[in-house]
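Working notes, structure below.
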Amino acid sequence: MRDPDFTLSAGPTTAYPRVLAAQARQITYHYDPAFLDLFRRTERKVAEIFLTRNDVLLMQGEAVLGLEAAARGLVTPGMPVLNLVSGVFGKGMGYWLKDFGAELHELEVPYNDSVDPADVERYLDEHPEIELLTVVHSETPSGTLHDLAAIGPMAHARGVMTLVDCVSSLGGIEFRTDDWQVDIAVAAAQKCLGGPPGITLMTVSEAAWERIGSNPGAPRASYLSMLDWKEKWLEGGAFPFTPSVVDMHGIEASCDQLLEEGLEGSIARHDLAARACRAGVRAMGLDLWPRSEEVTAACVTAIAVPDVLQDVQVRAHCRERYGVMISGGQGAGNLVRIGHMGPTANTLYPVVGLAAVGRTFADLGISVQIGDGLEAALDVLSTASAVAVS
Amino acid sequence: MRDPDFTLSAGPTTAYPRVLAAQARQITYHYDPAFLDLFRRTERKVAEIFLTRNDVLLMQGEAVLGLEAAARGLVTPGMPVLNLVSGVFGKGMGYWLKDFGAELHELEVPYNDSVDPADVERYLDEHPEIELLTVVHSETPSGTLHDLAAIGPMAHARGVMTLVDCVSSLGGIEFRTDDWQVDIAVAAAQKCLGGPPGITLMTVSEAAWERIGSNPGAPRASYLSMLDWKEKWLEGGAFPFTPSVVDMHGIEASCDQLLEEGLEGSIARHDLAARACRAGVRAMGLDLWPRSEEVTAACVTAIAVPDVLQDVQVRAHCRERYGVMISGGQGAGNLVRIGHMGPTANTLYPVVGLAAVGRTFADLGISVQIGDGLEAALDVLSTASAVAVS
Amino acid sequence: MRDPDFTLSAGPTTAYPRVLAAQARQITYHYDPAFLDLFRRTERKVAEIFLTRNDVLLMQGEAVLGLEAAARGLVTPGMPVLNLVSGVFGKGMGYWLKDFGAELHELEVPYNDSVDPADVERYLDEHPEIELLTVVHSETPSGTLHDLAAIGPMAHARGVMTLVDCVSSLGGIEFRTDDWQVDIAVAAAQKCLGGPPGITLMTVSEAAWERIGSNPGAPRASYLSMLDWKEKWLEGGAFPFTPSVVDMHGIEASCDQLLEEGLEGSIARHDLAARACRAGVRAMGLDLWPRSEEVTAACVTAIAVPDVLQDVQVRAHCRERYGVMISGGQGAGNLVRIGHMGPTANTLYPVVGLAAVGRTFADLGISVQIGDGLEAALDVLSTASAVAVS
Amino acid sequence: MRDPDFTLSAGPTTAYPRVLAAQARQITYHYDPAFLDLFRRTERKVAEIFLTRNDVLLMQGEAVLGLEAAARGLVTPGMPVLNLVSGVFGKGMGYWLKDFGAELHELEVPYNDSVDPADVERYLDEHPEIELLTVVHSETPSGTLHDLAAIGPMAHARGVMTLVDCVSSLGGIEFRTDDWQVDIAVAAAQKCLGGPPGITLMTVSEAAWERIGSNPGAPRASYLSMLDWKEKWLEGGAFPFTPSVVDMHGIEASCDQLLEEGLEGSIARHDLAARACRAGVRAMGLDLWPRSEEVTAACVTAIAVPDVLQDVQVRAHCRERYGVMISGGQGAGNLVRIGHMGPTANTLYPVVGLAAVGRTFADLGISVQIGDGLEAALDVLSTASAVAVS
């Protein structure tokens, strides 16, 4: 099977050239002083991106490792936890919480919407026993966003700890760990950082460390243990096991790319790409999946697939015929997604995605105003000031 | 200055990933047996692409090195040479021929046309003294093509030797060295092979070698000497000087890419991309530069720039605002060119080029039917059977 | 801190050039058909290297992930398990087994020795209640080897399941999963395969799957779950979470490298490098760490550090002064190790390692016959038939 | 044929990792603003390495292109030229000079020696008609060096223009263009810069430009023309033809590597490697090719091959058996050469070269004190302060 010409997926996304170059660097022993330096430097760069002074922990596995580790570390039997559910990942967190013994509270909305902060506030006020709030910032499978700037401080003010999945927002959508008083944030590089999957980027507040440290059920001597990393590496300078040297090379490069561009520039770029794409979708006569523009996330544009088709047909045709890899809904509904992440949140990539999806719909019998859509997207791109990088 | 997002130039063009990977291979000594093997293998692969059993010569410099070397090698003072001129490169060959002492005959047409084979035949019949015919197969700066399938045999039948510049056609447009009885053909990898510049790919017939060998003015003991390469390397296994190891790595990889795809597949792909692009140009309400579809070359689509603008403005805006690098006319006229070469003669690249050029024209005040143009290009791409590779 | 000139560590070791090139390939979406193909192909290649028809599972984390997952999956409370301990990793497995509730039996020898198969046989005969035997094939920290060809079948014949850590032997030292009747084998690519860390290579017998499937305590819906991978991926074609795309690129390349060379060739090469190195150590007047040649592993040569020095001094001087990264004993004792793994188990790498270590000892005040040692190593290399690759 | 494990040749030599990474960067159009920037930046970096304020010209072919271009540009029929001959390249320059019409004067010494500056001074004083002096700084094939610090100013003081081949010295051996008043210096990156071949690095004084500009026979409209580059590129910003984009990527990276290390550091490192290697050769009981230590060049150690063997046998055995690629004498005599260039003028590379050559001699029946030689080399390396980079 030939490689794709364009990967416009919801992540892993197209990586920056410097990331790929870094991954080709010779592998070093993990105790080589050059690698030890690189690991420490990368932690500091990740902290800069998270806008935090909390500890940074780079767990050596995809972001679900960090999410599972954090949930296992924080939850004790019977702990009342409020979980916000607006999509597949929020739902999944609820299953874990229950498994790990939490007393589970949920605020759930349809998967094309996000939970209103006012509802969260009301719920927390009515349930002062809640100790932990779990929320997905950007629900990648359905392209929606939670208003974490409101929710974070709201929880903190009530003494509620927060565990946030910001996997697909970090670097492309505003995310302010310290300003928003987030206790544990879990992200990844294969989305808006244009880096490799394989490493969890996470931050942990002092309060969260205390909670985990006092939890007898928190993983210890395990691949899932945050405490092992804290005690052995953060405090002792020894790795609990061999880190993924190659991914670390890629992670540092993706951080460098972002920091050299600047967080603001990157966020503006992701926003522009998403606006152009949404304008194109509407002008084509298609429907966005999210209920309204207000709840859309800039990292991915979710498009409703007309009932006569299935997302999997659309994806397959798009890839086979036009060499463009897009994503489906991963269980969130009958939708396809065009990613705007890292290098693909740039210049004409939204046009490529729209052309591929529009023409695919047409090929499969749906009436689409392709030309109008592409023109509308280009209009948005042309009126905005140029913010592109590569 | 940030790197371009898309290089859709007239060459050097975007290279295939395997080419880039090959260029990152460790450099070897030029007499390392592994490199000697590579050099020999690459010659055989180049011969396969040229469809020839003649010698292949890989001169270690951009294709103009091979063109100059061949012209200097073949021409003797007073030799009657017929040079076909339909563009910048044909014209330049004429200057060289005169410099090197030839009695120069030229058939010249405007730079948006190509010379009619019937005119060539008539001229050769009227001038039986002609010993050499020089012709550019694909005039890259103006996007036109000569009918070499007719011209080659016509010359050979009259005992006229042929020197052909097929730099931008080899690999993307049909070119048959032996069937068309071409004596010396000069090509390059940075066009339809999606490889690096820096090496001339050339073939030399036995008759051409004899002519050069008997020419006392042919370069010897010089960077310009074909005879040095023949005597030292082809016959003696020793390089006349250090070859460009890195470019050779890239050249072999670009040959592998093409041969694995197959010449026919590659040619069909270039043809499809060019047809889609031309359809898009017309539907946008713009003019192709070439006089008619019949004389267009599939490796590049030349678009006339309206008089109120200059090509250089168009190129600069396109690159700066949309991250797309296209080419100007290099002296052939007020035109811009979208390349269809190697990896960019594929799937949606023509759409990217059209979107960039169309929106650039609009930004600069020209009325363009962008949507119609993109839709027309996609129509062509969708109706053709998929022939893409990467 | 500058990069090392030579990484002759105990792994992660120097990677093959083709591995590094593969890691620079553009990242694809994990459901891209090209990546799905790659994942399946790689499983088959890993099976070929394991010499097995059992399932191959590629867990997406360093080998300790697979070891923990397998131990958690197999062990039920009160299960009698025999653990062989000859070093750091064997000892660590015992701690896990106890944590997971096993009734732990251990046969332990000093960390410069390996457990005699006759002792294992006797113990199993005396303890017919044993259900599981855990053993480290090559104890990397101390450079010793267990005779698994004897132990594997011995356990199987008694209905005892085997869980084997062959992390540092696979590909460089004979390892025959099916012939030796191993139930679960856990390996990695960053040792004798010259690949990246970050992925566990493992094989699982039908019997082991049954045991894990019937274990209510086996991890489910977890990063540690083998069952998730079996049910979702092996049987369902869906990943339980995003795999480490870049590492998978590297893993396939490292398998290709090994399979093209051939297992036998690779094993002979590792053996030659280790023999040369051991001869050099002895001729220098230094002591091997392992009690005798019979128990040495070919992937790493462990050298006893004279009492007046500490391994960490030796390593640091060697790296700083001579640009050579070697390994210490990781808790196994006061020793340093020169790795012979993948590309470094080749030609003159043992000489580089010996020169660096010998001269470092001399610089630090130890009397060493450096010249004699290097000459002895070269003697071994020169008399053997050449078996090198790169 | 497998790739070498170590390339310790006289150049092209092993390239720095960052050079290889740069060569894997996507190819850009040569008029892409990013490439234009790169070209200008690289010229400035090359000037810094040459220690000159003269123009830098990057001719797009191996250094012999620049040497031929310069000689053709400077020489007019009947011009009296003094050529110093101490080896193959000096001899070759003489042939060219005669071909181009010069009245040739030569001072020649055996190929294991270099011309005494006092002899040059005497000759110039006796022949005030001499207009041009041509000299090879480091005669790579025989490993000898001319004292250019003396010769350069001596010529300049007498109004004699200088054309210097410093191909294998630049970056590894002191070379001061302006201080030594060199008019044209011609170098390359594939030697002490650890970069790719394929580009001539040259500097041209104002006086040299005047001489060439007034020479009616100087190449014009030719691949060999320095004037084309001056008029079109240096003054006009347009390339005379397509430059070798990939090599330029590599060249800039090799300059960056050197400038970040610093010229002094690099020169000290090459000196140390060469001293260690020479000490090793002598302690092995072998003979250096150069007549005395004073005339040796630090970029390569030339070792006399005992009469019973031929250099080609030694090279072949060394490469085949030990994976080490060294160089022969290229016509200078029966010798082999171990290169100390760029990354290989570092840490233990001289030991690798000595081990390979020493053991090869032994394998071929020559009595060699291998251990003593390696020990002597390590002694030199250990006593010097560490100056390594990579």
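Chains here go by letter, A, B, C and D, matching the order in which they are written, and residues are numbered from 1 within each.
Throughout what follows, a residue touches a chain if its C-beta (ideal position, glycine included) is under 8 Å from a C-beta of that chain, and two chains touch if they have at least 3 such contacts.
Predicted, not measured: the structure shown is a model, and the values here were computed from it.
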Pair sharing more residue contacts (C-beta pairs) when A-D is set against A-C: A-C
Farthest chain relative to chain D (centres taken as mean CA coordinates): A
Intercentroid distance (Cα basis), chain C paired with chain A, Å: 35
Rounded Å distance between chain A and chain D, as computed from the means of their C-alpha atoms: 52
Multi-partner residues of chain B (at least 2 other chains): 2-4, 17, 21, 24-26
Touch-based graph of the chains, sorted into line, ring, star, complete or other: complete
Of chain B, residues touching chain C in the complex: 17, 21, 24-26
Partner chain D, residues of chain B touching it in the complex: 1-4, 7, 9-15, 19-21, 23-34, 37, 60-65, 68-69, 95-96, 99, 190, 196-198, 221-224, 241-247, 250, 319, 325, 327-328
Interface residues, chain B side, partner chain A - complex: 2-6, 17, 24, 320-324, 343, 346-349, 351-352, 355-356, 358-359, 362-363, 370-375, 378, 381-382, 386, 388-390
